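One structure, pasted below without further comment.
Note that the chains are named A, B, C, D and E in the order they appear, and that numbering of residues resets to 1 at the start of each chain.
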Amino acid sequence: MPRKLRKKIGLPPGSVVFTGQQKVETVHLSYLEYNADICDETSLSNQTISSFHQPISEYTQWYDVRGLHDTELIKNIGQTFSIHPLVLEDIADPAQRPKYEEYETGIAILLKALKFDAHLSKVITEQVSIYIGNGFILSFQEDVTDLFVAIRTRLVNGKGQIRTKGADYLAYAIIDALMDHYFVVLDNIEEQIEVIERNILETKGNNNKGKIHQLKQEILIARKAIGPLREANSRFSKSDHPLIDSDTKKYIRDLYDHNVHLMDTVDTYRDMLTSLQELYLSEISFKMNQVMQVLTLITTIFVPLSFLAGLYGMNFEYIPELKFKYGYFVLLSVMFCMVVGLLIYFKKKDWF
Amino acid sequence: MPRKLRKKIGLPPGSVVFTGQQKVETVHLSYLEYNADICDETSLSNQTISSFHQPISEYTQWYDVRGLHDTELIKNIGQTFSIHPLVLEDIADPAQRPKYEEYETGIAILLKALKFDAHLSKVITEQVSIYIGNGFILSFQEDVTDLFVAIRTRLVNGKGQIRTKGADYLAYAIIDALMDHYFVVLDNIEEQIEVIERNILETKGNNNKGKIHQLKQEILIARKAIGPLREANSRFSKSDHPLIDSDTKKYIRDLYDHNVHLMDTVDTYRDMLTSLQELYLSEISFKMNQVMQVLTLITTIFVPLSFLAGLYGMNFEYIPELKFKYGYFVLLSVMFCMVVGLLIYFKKKDWF
Amino acid sequence: MPRKLRKKIGLPPGSVVFTGQQKVETVHLSYLEYNADICDETSLSNQTISSFHQPISEYTQWYDVRGLHDTELIKNIGQTFSIHPLVLEDIADPAQRPKYEEYETGIAILLKALKFDAHLSKVITEQVSIYIGNGFILSFQEDVTDLFVAIRTRLVNGKGQIRTKGADYLAYAIIDALMDHYFVVLDNIEEQIEVIERNILETKGNNNKGKIHQLKQEILIARKAIGPLREANSRFSKSDHPLIDSDTKKYIRDLYDHNVHLMDTVDTYRDMLTSLQELYLSEISFKMNQVMQVLTLITTIFVPLSFLAGLYGMNFEYIPELKFKYGYFVLLSVMFCMVVGLLIYFKKKDWF
Amino acid sequence: MPRKLRKKIGLPPGSVVFTGQQKVETVHLSYLEYNADICDETSLSNQTISSFHQPISEYTQWYDVRGLHDTELIKNIGQTFSIHPLVLEDIADPAQRPKYEEYETGIAILLKALKFDAHLSKVITEQVSIYIGNGFILSFQEDVTDLFVAIRTRLVNGKGQIRTKGADYLAYAIIDALMDHYFVVLDNIEEQIEVIERNILETKGNNNKGKIHQLKQEILIARKAIGPLREANSRFSKSDHPLIDSDTKKYIRDLYDHNVHLMDTVDTYRDMLTSLQELYLSEISFKMNQVMQVLTLITTIFVPLSFLAGLYGMNFEYIPELKFKYGYFVLLSVMFCMVVGLLIYFKKKDWF
Amino acid sequence: MPRKLRKKIGLPPGSVVFTGQQKVETVHLSYLEYNADICDETSLSNQTISSFHQPISEYTQWYDVRGLHDTELIKNIGQTFSIHPLVLEDIADPAQRPKYEEYETGIAILLKALKFDAHLSKVITEQVSIYIGNGFILSFQEDVTDLFVAIRTRLVNGKGQIRTKGADYLAYAIIDALMDHYFVVLDNIEEQIEVIERNILETKGNNNKGKIHQLKQEILIARKAIGPLREANSRFSKSDHPLIDSDTKKYIRDLYDHNVHLMDTVDTYRDMLTSLQELYLSEISFKMNQVMQVLTLITTIFVPLSFLAGLYGMNFEYIPELKFKYGYFVLLSVMFCMVVGLLIYFKKKDWF
């Protein structure tokens, strides 16, 4: 939602203005330094500028900032690590499109973390910014909930090859972890699609059209997170920036493949929803046709009969048929024959 | 709207003919010269040709022309700054597609300023032309309202880095400011979409289909402003024209990114409106089906009953049932059973 | 319409066969030679082959042929100016797709002139072929009406730079003039779209669906003229053929820009018509729904009442209610209450 | 239709298996050798392998095989002219997609001959394979009817330049002749579209929806023949294979242009059919709306009247109105006023 | 279905985790070694790690693993043949998109085997992974049913050229065999489409809309197998990896051609289904319109008649018409005339 961009109208470019909703009260900051042997984590609930310092060559450093409203802090970080002002502007603006930007001293990657709120059937997005520098990495989250617990655990436990690799691999691992959640979100959406499909085919559920509509909107949101990331990952995997190891690129190429897969899946879901909508509409048309046939059947049978009954209910002084002894029974027989005849006719016309 | 192009049929190319609607009575002209230290603004409500002069190397000069109907003035400007006649033709024609053209002595950029008239739900466009020369910039607006107040203020106050940069950066700043307004327009459109969506889901509002239709048309207008500008910005950001500083290109690349974002958003809105339209149609189908079911229900229940009542309203001399003491009550019971039976049948068929 | 192509089935390629409808009785031929100083026009209503001769280096020569059925003439022209037989075949076949073909000795450009017959709401196309040779230009029109009056006048009057430029610029000027008419045609179509839109929104007009359908077909015709011309112009503007001056290319590039604009506009109109069609359908659905509600309302209110009236019109000997003194008034009251109750119920259901 | 491909499941690639329907009893074979001076044709109704022999440099040789079920013959041809097994496999499989394949010793082109069976409204395809070798050409048709009569006649009569050119030009001439028929097929389809359009606009014809559906399927078949051929012709025209003369390429380029034109036309027809379908649906919706309005009109007018009549047909002992002298006439007047009032109301609501 | 990917959330990349459904109890392993002279097959129902050994230069070796749940085995294979961990991860994950990946020591190809369950109208996919190494090939199937029986037979019987070619040709043969089955699946789908088409046109069958919907979903599944494989085959055919012989590339190019054909066919089927759906909807609309006309006809004829009958059934004391001797017959004649008049009117309006 670009709604909050209005705040910035008229400001010079590169202005670091927080344009999102403040999701945390105070900015949380955690710092982690590791190499193949050592891994030290420091969680600072109250950030202090002084905790940021120049990279040390023997460690890979990871600064994780949770909460974006403290623009002073972001500007300070920018100065400490000499980050381009346009990057800082993007970090502070959670409405950014996922992107990949290279600068001489570092690489900025912006992407979205996705969650699916099954209760509200809503896709919730959170912007994550990653800045890869020489020997360090900066990550920015909007919310206080840590999205990177699994990676932190892996680093501390020394599992896998993550400790033996540099900052570029750590960035890859973070993106990979976030993209794993995309699959979960798509799974949740697929489940909802299947529920709606079953409901329509069994003509159950009372607001299928609304649910299809909403799911379509949610897929649009997911698509806006996944589609531009594909481009970003493509450029990431083909980059020849000195900060990216050629060995890591194979992994990033794998990210890109997953991304293509995700995009395919999203588009498939969109097609499935469109197909469901058409099914729903033809279901309604079919039902209306059936109802219409019942209506016509009854009208066609009873209206002439009622007319005949009305005819002999008239008070004319001279209606000869009324005087016949068996007039009533003759009329009943005539009516019976009409009904049978019409039913046979409708049966032939395949109306019931 | 190319409607006014007819005026030009048969004229040689490069003819500077004003093809728009005259929006100002007299052309307003403002001149501003600045460098890192000094910033002088001169507002001339009555333009004089003599106020245009050759660029001075120590200043960056900005001529801003508001009102396009004085083609003599435009031709004079063209001669003073040796601008290609095709550029002058484009400047005087407010129906131009946004574009970016390079010439040996300068760069011409045409784009649209967008406003959203919330009252009429209309997107209003105004053509802005920017010509970057060596040490100077020319800007042309259709209307007397200055679209560049914020930039002028920034220049005068010396905020940001704008005073330390050249004409190319000023052009960038102008485009950036105009594009900021695009986001506002899209925000306004989004709000309207949300209002319509709520109206449809709550089946309120009395002309949702007309509103969807109009919003679609407005989005087409916005799209025609944003789409070609993306191309233009792409070429702008990749240009190797000597008038563009390599440092500025990073900023223009940022413009391009915003442009892609804008285009994505416009297309998303279009999809959302299409989805809303389908929702609206399935809502109507659903309602018609319900109404039809009520209709059929009542017909199915009462028509046979009325027939029976009509039957015993006949005046045949010999209808044995009429003589039975409790005939009336027996008939009432039969009718009651029919009603109950039909209701159970319909309940099963899930008709109400 | 490729209908007439059948005439050519089985003929060898390069056969110059006239496949269109003959629109003139005798071929009209006009000849014009000019340079910066002199401009001589010779209109020959009866062509003579001998009037074609080899180019003279000091003049630019323009032969204009109106009427294509005289294939002997075309073949003769082909021989005189050594034109490739495939070009001659294309010139004589008015069903050709707009195209740009380069040969060693010349350049052939085929395009359509568009007119809009407002009375029949029809787009009328006429094929125009232009052949640029060394120092001369050949143009072919189907009809006797001269499409190039404005250019001829400009040449004779010596306005603009046209007299100082060569054959390539003349070809550009012709295409530019024809494309100016495209804008007129699109304007006319836009007017018709607006009329239909107003009619639908005010539910006026008695054949809106037919008009939308026809306009869509006309837009398809315009699109078939404009779309391939864009490609042709793109190749024209990028050509490095020695017959095209590098200075002229800037103008051709401008043609291409107009072409892109035209194509955008055509596609926008198509989208607008599709949107109108959807509006029309939802308008009908909406109206049907309203009609249906009225129908259901009346049925629901009166059918039970009629049943009650019928009930007490029966001739059973013993119906106790009929004996009650105020039975009639009690029944009237009951009926009144039913009506009021149903109205309240429907009001709540938002049915009227 | 790939239906017959099942026969080949499990066979090694390059297996020459006939997968189509046998359309001739015995394979017909014709042989023709020509140069600028001489042209000898030998029609052999019973083929003999020995009739194939190595090319003679002074002639261009054309072998034409009609009937594909004799796979032994095809294999023998393959050996005699050393053709790659994948080509032979393709020749024997009439379900192949049109394609262009280059090999060191020759060029294989597969395409479809199209006919339109007006009676069944069906597009009938026949696969034609052409193999260009050094100094000879092989052509394969499925059916005994010769598709190349016109070319053969041209060769025998020595018309045009065909006798003076080589095998590549002959291949071009064959493809050109086949593509000429495409235009005929499209003409036929267009005629059918126009018939349907007229029927819908005049609401005539009893199965318009079925006809539109079928025509759409037929267009899909034509599209599958024309679309891939465009690619094939594109590669053909750009080929630098030594067997293709640079002079011939201009002609092939012309083929490609026709192909693009054909593809455009097919897509236009598809759009026209889609538009017709929408017209048909809105026609039905419009008609239903009208019918509904009549229904509602009658119901709205007569149901209340009937109720009133029923009311005074009740047998209550005390209904004061019945005793009034002019009660009947008062009631008639009331009814008349109601009818007039309703008609005025409906007139205003624009219901009839 | 990415449903099972959740298992892997939080694990480091390159983790070999089986994410599918276990389809076999114990992993089956078969080994085959061959050259032009010898072909030895060893089927091991209980795999032993030791059965894998380094390639021997004189044989081509083929290891076929059926069952993917034994991740230890896969890791061991990876170590023995030094396969990149990302490949192993992909092999163990049956939800992978078809892809082609090159590594220094080998080439990994992932694709889907397709089957069509005619009973359930379901497309069933099984992932097949092929790894081409130097002198050997590894293939992985999910299920115990051997998909490669035909190839194995061909190898053992020494038919065709397969024994004389290397591992790359074997990989090609496997993919070719799998793709042959795609044609069978598409044939089956086409048959189903034709059945539905016939049902709709003859208005038979009771759940055509559901069947169309399901077939559309199945086509989406087939499309997800075929589409990415096209890319993979394209890269495969253009590869310059030393493990691929240039001669084999011609065959792979043929694979690619088939793939394009398959993709075309799938898209054609999708269009056909969409067209069928529209046919179905217009069929229902048409039927509803007919039913509506019958309804309106009957209502229009009988409602006024009934009103008249009701009128003369009233009990007013003074209704002069009732006293007329032939009043009844006059009324009957009036009614008859009304019916005839209405029928003529409706006939003209083309309502029955």
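Definition applied: contacts are C-beta pairs under 8 Å (C-beta built on N, C-alpha and C of every residue); 3 or more make two chains touch, one makes a residue touch a chain.
Note that the structure is predicted; figures quoted are calculated from it, not measured.
Shared contact partners of subunit D and subunit E: not a single chain qualifies.
Matching CA atoms, the turn from subunit B to subunit C amounts to 70°, rounded to the nearest 5. Distance from the subunit A centre to the subunit C centre is 41 Å, each centre being the mean of its Cα atoms. Between the Cα centres of subunit A and subunit B there is a gap of 25 Å. Along subunit E, residues 281, 285, 288, 292, 295, 299, 303, 306, 310, 313-315, 319 each make contact with two or more other chains.
The touching residues of subunit D, counted against subunit C in their complex, run 150, 153-154, 159-162, 172-173, 176-177, 180-181, 183-184, 186-187, 190, 201, 250-251, 254, 257, 260-261, 264-265, 268, 271-272, 275-276, 278-279, 281-283, 285-286, 288-289, 292-293, 295-296, 299-300, 303-304, 306-307, 310-311, 313-319, 350-351. Residues of subunit D that touch subunit E in their complex: 1-3, 5-6, 8-10, 12-15, 84, 86, 96-97, 99, 203, 209-210, 213, 216-217, 220, 224, 227-228, 277, 280-281, 284-285, 287-288, 291-292, 294-295, 298-299, 302-303, 305-306, 309-310, 312-315, 319, 321-328, 331.
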